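So, here's a batch of structures to check.
Okay, so chain A shows up in both of these, paired with chain B first and chain C after.
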Partner chain A sequence: MKKQIHLIAQFHNIRQNIDTGFRDPVSIRRKITRRSVMYILTFFLFLLPAFGIYGTFTLFPLVRLFILSFQDWDGISRYPKWIWLENYKSVFQSQDFWLALRHNLWWVLLALIPVVLGLALAIVLHQSKPRGRNIYRTIIFLPYTLAIVVVALMFQWMYQSKTGQLNTLLRLIGLESLTHNWLGDPNTALTSLAMAGAWGGYGFCMVLFLAGLSNIDPLLYDAAQVDGAGPWQKFLHITLPGLANTLNIVILIVFIYTMRVFDFVFITTQGGPIDSTQVLATIIYRETFKYYNVGYGSALSVITLLITLLASLIYITLRERGPK
Partner chain B sequence: MKKSLLWMMVLVLCISMVAAFSLYGCKKEVVEEVEEEVAEVVEEVEEEVVEEVEEAQPITIDYWENFIGDSEAQKWAIEQIMAKYPNLTLNSVNYITTDMEMKLQTALPSGTGPDIVYVGVQPSILGRYANADLAYPLTEGVEKYGWDKKVFQWAQSLCTYKGELYGLGHEFEVLGLFYNKKIFKELDLKVPETLEDLEAVMDKIKKNSDYDPIFYGCGEGAPNAIHMYNALAYAYVPVSKVMNTTADGDGSYLEPEWKEALQVLERWEKAGYFNSDALDWAWEGHWGSFTRGECAMLAQGSWLFKTLSDSAAENPDVLDLGWTAFPVPEGKPFQAYTGVGSGWWLTNNLKDDPVKREIAFEFLDLLISDEAIAKWVAEDQIFPAVLIPPEVQLNELQIAAFEVAERAGKDGGGAAPICWYNSAEETDAWVKGFQGLLLGETDIDTIIANVEAALKKAQEEWEE
Partner chain C sequence: MIRRFCATLISRTSVYVFVIFMSFIAIAPIMIMWMASLKTSAELYINPLGLPRYWKFENFILAWNKSHLSVYALNSIKVTIPTLVLVLVCASLAGYALAIFRFKGQIIILSLFLLGLMVPSISIITPLYYTMVDMGLHDTSLGLILVETAAALPLSIYLMRSSFLDIPRELRESVLVDGGNDFDVFTRVMLPLARPAVMSVTVLSFLQVWNGYLFPLILINTNELQTMPLALSFLMGRYQTDIVLVIAGTTLISFPTILIYIILQRQFIEGIAEGALK
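What follows is the complex of A and B.
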């Protein structure tokens, strides 16, 4: 360790000497070459384990995915066929892809409901400071800790048209006309699923917002109070700007999660009825593992990845450029 | 240096020439004799090695299965094989079918995964692995244990690819009609013998009671809708056509009988013979409303004998179980679904390991041994697709199933496996079609066009 520090210090001295031009350039270059190689080697040796893990488990699969997306392969045969951009062409020509993308975007829109709900709950809990605040917080956060499989199955039973709790409740309160086959009707299936997803998500949003709210200086509210600001003005001019960073993170997390949603759909409807709940992840699974179109499934995955990345970048850029 | 090199080359050339001429000059018989001797010696050595390995080294065989994890017969067979080979560990892992199919797809091509598999034996699963040389043919086992004489001939032909037997078909399945004797008695109904009778019975139930005439499950995976349509298809489409309308055949759904069966299904839906929550039901528990006594009939097969018998025993007040053949239209020859659901097959991971392979064959033979058959039939209520020894007692439902299977071949009709033997893409097209038909969002011609497109794609892929 001491030797390393010594090496690094020497390297910095040499750098300084080069910049100020005190020594003979040839001898300095020789010294730099020897010592800097050692320095760089040490640097990379320290990086190697992390890079090895990252490369094996993240970079390699990603590169492999890109390669597969240019091939026609069933996942079993020995020799995949290179077909270059054919898979991408097929994806963009496929109705299923556009349908699934539309469903994902609709889900993204509906996923804003738990964001708003989480924000509202966080503000209420933060400002009213009720007795047993932590208990409320835990209760609200609890759905998020449940496994998605459990939540999905729970809602599948709740949505049952004959025996489900939702329709039973509607019948009990005299709203029989509103009873519905929630997951069986293509017009309501996707929204019903997204609502089930939202149920698990608002607690998570609330916790993040509570953390963000605790960072806002309470003096700002006092000053606003003195200036005669109402609750809405305080929210608009203090709370919201103060939560800008948290809001960015929450929206990005929700967007990324929603773009890759799979488990909810797979457990409850498997994309049906008549593809009304098909999302990008379910068609990737279907094509790759059910239909043995590994190349096509990989191309779909790459496109989904790019859409998510691009949309996230656009959002971040717009937020950066927008009003502070 | 150069000189010595030159000499060496000349020497090598001379030796090669002498060897080539002497081999060329050998008589064919002599060569064959030598080859036989060598083969014998190799065999002896192999046997010795096998014995040594069997005695000393621990052996692990990985076995992946679906559906039969709790079966008594399988537990017995595992105990037997592990008792015989104390150094053997047989890792048996039970999977959900879709999960296993996905894992097989990634494991086998990379040389990992199981040695023995119990999953679908149809072209879209076993056929695919056999074609890719990832499944190991059972020829050695057939020769040693005489499976060709024991396993039903039709079950063998269903598991034969590239001219070799690759799978031992199990779960001899017979699709039929469950009915609740209590409801039939209450409404004074007779067990239907023709499709016209069945329609009349459903009509009576609809008009005279609150019961749903027949259960229909069309939710996730549409397990019951597929069976219901299969049942109708066997009633209308000649067996020869059914057998040919698969990935490895050249049949077509454009044949008029397929449409005729769909028209009947649509007519029944419109008449309100099905339960109103058909779209809610996936595989798990889809027979629930039948066992609760809400539905009078259920088109399902022998694979549910144990589940439904247990339910009937637990709820004698609402369910008295009956099972009969799914009827065909009057005047048509009787046909039935008597395929095999899943089967055992070996993977190519055993290719270079004669010891493990030998044990694997022995394990398969144990699974279809007379002792195991008795357990399959009595305790698990599953039929192996093998000749049942006369001393094995069948229950009422099992006898009925065998009678249906027997009847299917007698009057010019036949038995056929269907649909599950096609590609997943085609099954999905069917499911989407049934759901669309129920919701009034698609028509029969569109369904036929979609399944035909999926079938043609599968047939083209099979050709390749």
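What follows is the complex of A and C.
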């Protein structure tokens, strides 16, 4: 009641002000509100196209993913059955999941090889400044720009047992005993795929490390030189601490990408021979689009998402912090 | 003196050996593929590694005609260009909004976009597929364009936003004082200053869409609408016996990216470093 009276009083006040042309604090406040409405409206107008597309084709499916993961659905029937956590339970009880997870983690471990190679190359190119280093950088980065299909098919040919270039090379240099059906043998298939991935990745790592190195103040090296530090000490006390953030970021990226790997396996071995290259992404594909266990596949997807989520969170925080 | 000279010589030499060896590793498989694409099937069988005896350039023409690569190439172009345009328009507008406007609750919207950086596309492909079927966008180029755009947006918005944040805010105020609105600020001041970020976004989205495999695999069924990477992996299945044709096709497909990369290498390398680090 009191508030109403107050409002009426305000209204009269404003009428008066319009008549007299005098501005009191109340009308100024009204003007500010109108401006802030415009402010927020402009904000949403700028945001609208992106949010419309992103909301429909990423956020909405993401919500739907969680719903599907609680259901038993074959993708066709009208009424999916709610079975809540049953899907998750069967994922954790299935051997496929643990096998695939182990394969992903083994791949992550092998993916540290390109990280180390990239780091070494970046340091050498940055510090020793060999002649024509831009040419080296261009060549070494080239594999990363190729489509994964191209890389996967290339390595599939090169790994072949009879006509493959790798075996031919081994025979040529007298290592006949090492020749192998690289992708056909369950013992070597996964590692061979990871090596093909490493081939496409070390140039990428190198480029990121080069960017990190360019942020280190060169004066630090001069100061160390004056103090009589050797190359090893410079590396340990200047380069490595200066690259710490970049190194963390690169390792996280490698982890995230490797846990998601799909194209490489799907194009070459499709998970075989005898499931030796089955990874999380390929069993998601198999369950959903081959066996139509949509609920089970969704539960697997949620788990894959959660596994990479922590790494992604750290990654984004480190990025926000920027190079130190 | 001599000892020191020798030490430098050895370390210089080992640097060159290492760098040249790694460059060789990077380029050797590509060279092998190029050479293989010029051989006959029979020669490839006997001599997989060496130079071709006769340079059979007809392989390319044969691969191009026999496997209808032109159709798939056109499809890839038809998907890539609209996606790039959409990504650039949406991401720069949204990046501007998230960089310039400040109010409570804005952080929620920013986090929603950052969430997209953390979602692997393989994880949402299942619900995405059924959503596309429900919307009638499954098996259409438009659907693929929208999905690829949505996938490219989080990182693109993030890059655009950080580059707008680096531009002094006073520039906006001076335009507003002169009677311009935010759209004027955006088109006349901010966008021209954010050119490096626009370049990064273009490069990253181009690579994602042009080389993309998972989305066309799941979302496109009709062969006539398929993009190049998919067509290529199907070729592998169909012409298993005539492997030279598939190799020639692969070589042809990798040409545009390699060519663009060599022309724009600085933008490529900086764009990718920026996309991952900044």
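Brief remarks follow.
Assume the second predicted complex is superposed on the first by the 255 of 324 C-alpha atoms of A that agree within 3 Å, B and C clash if a C-alpha of one lies under 4 Å from a C-alpha of the other, contacts with A are read in each partner's own complex, and residues count from 1 in each chain.
In the analysis below, a contact is a pair of C-beta atoms (placed from the backbone, for glycine too) under 8 Å apart; a residue touches a chain by one contact, two chains touch by 3 or more.
Everything numeric here is computed off the predicted structure, so don't read it as measured data.
When the two complexes are superposed, the chain touching more residues of chain A, out of chain B and chain C, is C.
In the superposition on chain A, A:Ile274 makes contact with chain B only, not with chain C.
Legend: residue contacts after superposition of the two complexes on their common chain; A:Val302 is shown touching chain C, with no touch to chain B. By the document's definition of touching, neither partner reaches A:Pro114: not chain B, not chain C.
In the superposed model, A:Phe289 makes contact with both chain B and chain C. Touch criterion met: A:Gly203 reaches chain C, while chain B stays clear of it.
When the shared chain is aligned, chain B and chain C each come close enough to touch A:Gly75. Chain A residues in contact with chain B (one complex) as well as with chain C (other complex) are 75, 289.
The touching residues of chain C, when paired with chain A in their complex, are 11-12, 15-16, 18-20, 22-23, 25-27, 29-30, 32-33, 36, 44-45, 48-49, 86, 89-91, 93-94, 96-98, 101, 103, 106, 109, 112-131, 146-147, 149-151, 153-154, 157, 181-182, 186, 207, 210-211, 213-214, 217-218, 229-230, 232-233, 236, 243, 246-247, 250, 253-254, 257-258, 261-262, 265, 268-270, 272-274, 276-278. Chain A meets chain B in the complex at residues 74-78, 160-162, 181, 183-186, 268-270, 272-275, 286, 289-292.
Those residues of chain B that touch chain A in the shared complex are 98, 101-102, 105-106, 108-109, 128-129, 132, 134, 218-221, 276-280, 423-425, 428, 431-432, 435-436, 439, 441-442, 461. On the side of chain A, the complex with chain C involves touching residues 36, 39-40, 42-44, 46-47, 49-51, 53-54, 56-62, 64-65, 68, 75, 117, 120-121, 124-125, 128, 130, 133, 136-150, 152-158, 163-165, 168-169, 172, 199, 202-204, 207-208, 210-212, 246, 249-250, 253, 256, 259-260, 262-263, 266-267, 280-281, 284-285, 288-289, 294, 297-298, 301-302, 304-305, 308-309, 312-313, 316, 319, 322-323.
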